[in-house]
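Next come two complexes, and both contain chain A; in the first it sits with chain B, in the second with chain C.
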Partner chain A sequence: MKLELGKIKINDIQFAEKTYVKDHVLYVNKEEVEALVLEDDKLLGCSLDIARPGDKTRITPVKDVIEPRVKVKGGEIFPGMIGKVTPPAGEGRTHALDGCCVVTVGRIVGFQEGVIDMSGPAADYCPFSKTVNLCVVIEPKEGLETHVYEKAGRMAGLKVAAYLGEAGRDIEPDTLETFETKPIFEQAQMYPDLPKVGYVHMLQSQGLLHDTYYYGVDAKQFVPTFMYPTEIMDGAIVSGNCVAPCDKVTTYHHFHNPVIEDCYKHHGKDINFMGVILTNENVFLADKERHSDMVAKLAEWMGLDGVLITEEGYGNPDTDLMMNCRKVEQKGVKVVLITDEFPGKDGKSQSLADTCDEATALASCGQGNATLHFPAMDKVIGTMDYIESQIGGWAGCVNEDGSFEAELQIIIASTIANGFNCLAAKGY
Partner chain B sequence: MVKGIEKYGVPVVHMATVVPISLTIGANRIIPGVGIPYPLGDPTQGEVDSKKIRKRMVRRALKALQTEVDGQTVFEKDNF
Partner chain C sequence: MAKYKIVHYINQFFAGIGGEEKADYKPEVREEALGPGTALVDALGEDFELAATIICGDNYFGENLDEATDTIIEMVKKYEPDVFVAGPAFNAGRYGVACGTICKAVEERLGIPVVTAAYEENPGVDMFRKDVIIVKTGDSAATMRKVLPYMVNIIKKMAAGEEILGPEEENYHERGIRVNYFAKERGSERAIQMLVKKMKGEPFETDLPMPKFDRVPPAPAIKDIKHAKIAVVTSGGVVPVGNPDHIESSNATKFGIYSIEDMDEMTPDKFTTIHGGYDRQFVMENPNLVVPLDVLREMEKDGEFGELVNFFCTTTGTGTATGSAAKFGDEIGKILTEKEHVDGVILVST
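The block that comes next holds the complex of A and B.
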């Protein structure tokens, strides 16, 4: 499967009479976007705002972050969600508006929605403090059930990202890269002397607003399967979850999975990147056992020499992580784990809920319990009403001037457990 | 909490879904829960049958509490 990915650099977003891209600026027709969002009768209101790097602006509660993209050749964007499921993602040509994002904001769905500060100390921890963001602030109908509200917010974000992406259809991209993974036997023969490496990608699927979608399928309903990496780079996986903000894998991060990006950089040089084993993190022990068995079986069947494993969320998914590690190692395949840590505010607790003897190599993405001071901002997009009950905050953490103290885990993607950010652990 | 209470000589039965975590934290008497969202019962089976499941698990837990164990033990069945 082969994907051409063209990136169109976007340096600014401005509201205008119509939606188009010119000279690296994305011009947006506000009315059209608001009308698109309000097609959904579950939403009463929609307002747009622009947040730029360096602004004294806070965005919260953030639901998802999405990069605007368009399929120029091949299937449709976000297959199974808003695009047709066939042909599948991962082939043809896609244009991305690089450097800008759609951020969905609004009254909290659950309690696990986060903060993006466009400047100040918290900006260092968040990738979306460095992008120009079109914030889509939604207002749900009164009395909506939470899962219905979550879906309305999720679909609004995807629709706006696809609408903006269309503006890049006929623009010549600044960079054009090609990514390709071949069918298993051909791929193995291509670099016979290099170690065959796979990626075990664990999707959040605990339910109760902790869900991810694979071609529109709720991730808790599938059994582990094989994916070409380009499918993931091309919108086959969409976030629908309200997991702790710090390690939420947003839809943006599925496009930009750093494990896939780095494995492709090494592909044909020092590794043979064979593909992705997709699995989930369900809430029943039998699912965890069955699916880790299947992951190990696929790793063995693909003839892998080594795998990298990432998880999403923390707590009981640590058990899925360790089961995958143990069972894959027992098949004679080397494992490196990538995850973040939660050792408590004092740093003294066990930082993962589970462990196993086979877990001998782990790259840490930092810890989410460290606290930080968030200074008052000139402008808040969304509302500060829920900070104390958002994960990472606590009763009384907000000061009168609008500043607050909170754990790093309140910041979107601050310790994301796939290595997208720069935090790490240091050994002494 | 399990270890903290047992330190004072009071036996504890840990009823939770993810048995590997119960084993990792050092619980001695473990009963697997039904699922993380509903450890003691199963709403998909209806209220009557869910209560039967709950009653059976609590009885098993009370029996486990009175059972001598030699190291960490997972009580998966009622007949022990």
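The block that comes next holds the complex of A and C.
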């Protein structure tokens, strides 16, 4: 499967009479976007705002972050959610508006929506402090059931991203990269002397607002399967969860999965990247056992020499992480884990909720319990009403001037457990 | 500029008082540098003065732990030092434990920065490495000259309030404290490089050596359930509406104890959940889903078990440090066994 990915560099977003891209600026027709969001009768209000890197602006509570993309050739973007499921994603040509994002904002569904600061100390920890963000602030109907509200928010973000992506359809991209993974035997033959490497991608699927979708299928309902890495670049995987903000794999991060990106960089040099084993993080023991067995079976069947495993969330999914690690290693396949740590505010407790002897190699994505001072901002997009109860905050953590103390956990994707950031932890 | 003051703790041997036969020597203050203290003062230079040396026999300290600690704390307090130094203890076991104990107490009770030094096999190292910076030494006093520059460097930084760097840079025993830093390359890239090495059989360094977990064996089965006293403990974050003790929605630092006396069920007007790790909607509508009071009362009335304890203990399980969880467990366990004499506990996780 082969995909051409064209990136159109976007340096700014401005509101205008119509939606288009010119000279690296995305112009947005506000009314059209608002009308698109309000097509959903679950939502009463929608307002748009723009946040730029360096602004003294805080965005919270953030639900999802999505990069606008469009399929120029072959398939449709966000298959199973916005686009048709067939032909499958991951082939043809896709254009991305690189450097800008859609950020969905609105009063909290759970406690698990986070903060993006566009400047100040927290900006160092958040990838979206460096992108130009179109914030879509939604207002749900009174008394809306939480799961219905989550879905309405999720779909609003995807619709707006797909709508904005259309503006890049006929623009000549600044860069054009080709990614290709061949069918298993051909791929193995391509670099016979290099070790065959796979990626075990664990999707958050604990349910009850902790869901992820693959071609529109709720991830807790599938069994582990093979995925071509390029499928993810067309939105085959979409976030629908309210996991702790620091750990949230946003839809943006699925587009930009760092393990897939970096495996392609090493592909043909020191590894032969064979593809992705997609699995989930279900809460029932039988699911955990069955699916870790299946992951190991697939790793063996693909003839892999090594795998990288990532998780989304902490605590319960640590058990899936360790089961996958142990069973894959027992098949004779070398494993490196990528995850973040939660050793308590003083950093002295155990970092993970589970462990196994086979977990000899782990790349840390930092520890989420470290606290940080968040200075007051000139502008808040959304509301600060929930800071004290959002994950990472605590009763009394907000000061009168609007500044607050909180754990890194409250920042969107600050310790994301797939290796997207440079943040790491070491023993002192 | 006023000089920084240090107070130095040593044992009877390094004070030149005597060996094993003087190990029951009681705490004593001398306002002069003694033994290793003289070299320390020379190396620290003129910005520092040694206000006092506190001497205590190793056996006396070990056999009168609380009393010796209290006495020494009072002695230290009087001099208001900027830094408290103990040892080095090298491979002297009792001395190492004394240095660790007194350092930990000085830091906790007086808020004064502390440093000591010991050999890695000294039992004091494993007991106190989490709490105290313990500079690495060889197994005998012959290594004093090597150790001194590292101790001096740390003392100077502590006095000036400067950042103490990692164990490799500063040559101390790793405390096992996980500290963030920005690596040169992102996690995915570092992981791939690690995997390439691992597949080749080359040495690699993991970011997180796997800890050994405590495993608690399950208690034996209750023999006489009909007369058993049962309590409910949950990590599901169920609290009275308004969360009176401000238990956190993640990484809890406390637990609560709440009455269920004269209640037949948990009602949503009285109880809610503040847990941040699961979808709360159903529990907010029906808190019995996590604290199953409705069913337990029925069973109690039907005589299926003896008696239900008239309160439940609760905290938030998500993101809660294992250190906090162990502490809560000890405290809750004590209340339920020593005060309530329960026969069994229903632990409701979420």
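Methods note: the second predicted complex is superposed on the first by the 426 of 428 C-alpha atoms of A that agree within 3 Å, B and C clash if a C-alpha of one lies under 4 Å from a C-alpha of the other, contacts with A are read in each partner's own complex, and residues count from 1 in each chain.
What we mean here is this: a residue touches a chain if its C-beta (ideal position, glycine included) is under 8 Å from a C-beta of that chain, and two chains touch if they have at least 3 such contacts.
Only a predicted model underlies this, so the values are computations on that prediction, with no experimental measurement involved.
Enquirer: Both complexes share chain A, so when I overlay them there, do chain B and chain C fit or clash?
Expert: clash
Enquirer: Where does A:T319 make contact in the superposed view: on chain B (first), on chain C (second), on both, or on neither?
Expert: Touch status of A:T319: first partner only.
Enquirer: With both complexes superposed on chain A, which partner does A:T355 reach: first (chain B), second (chain C), both or neither?
Expert: Touch status of A:T355: both partners.
Enquirer: In the superposed arrangement, which partner chain does A:Q112 touch: chain B (first), chain C (second), both, or neither?
Expert: second
Enquirer: I'd like to know which partner A:L285 touches here: chain B for first, chain C for second, both or neither.
Expert: first
Enquirer: Determine, for the superposed model, which of the two partners chain B and chain C contacts more residues of chain A.
Expert: C
Enquirer: Using the touch definition from the top, say if A:Q14 reaches chain B (first), chain C (second), both or neither.
Expert: After superposing on A, A:Q14 lies clear of both chain B and chain C.
Enquirer: For A:T225, using the defined touch cut-off, is the partner it touches chain B, chain C, both, or neither? Pick first, second, both or neither.
Expert: In the superposed model, A:T225 contacts neither chain B nor chain C.
Enquirer: By the touch definition at the top of the document, which applies to A:L208: first (chain B), second (chain C), both, or neither?
Expert: Once the two structures are laid over each other on A, A:L208 reaches both partners.
Enquirer: Could you tell me which stretches of chain A are touched by chain B in one complex and by chain C in the other?
Expert: The answer is residues 206-208, 354-355 of chain A.
Enquirer: Write out the stretch or stretches of chain A touching chain C in their complex.
Expert: Those in contact with chain C are residues 110-112, 124, 145-147, 195, 197, 206-210, 244, 258-259, 261-263, 265-266, 270-271, 305-308, 314-315, 334, 336-338, 341-352, 354-357, 359-370, 389-396, 407-409, 418-428.
Enquirer: In their shared complex, at which residues does chain A touch chain B?
Expert: Residues 206-208, 283-285, 288, 316, 318-319, 322-323, 353-355 of chain A touch chain B in their complex.
Enquirer: Quick one: which bits of chain B touch chain A in the complex? Just the residue numbers, please.
Expert: Interface residues on the chain B side: 17-21, 24, 32, 34-37.
Enquirer: Where on chain C is chain A touching in the complex?
Expert: Residue positions touching the partner: 130, 166-167, 174-192, 194-196, 198-200, 204, 206-208, 210-213, 243, 246, 248-251, 253, 274, 276-281, 317-319, 321-324.
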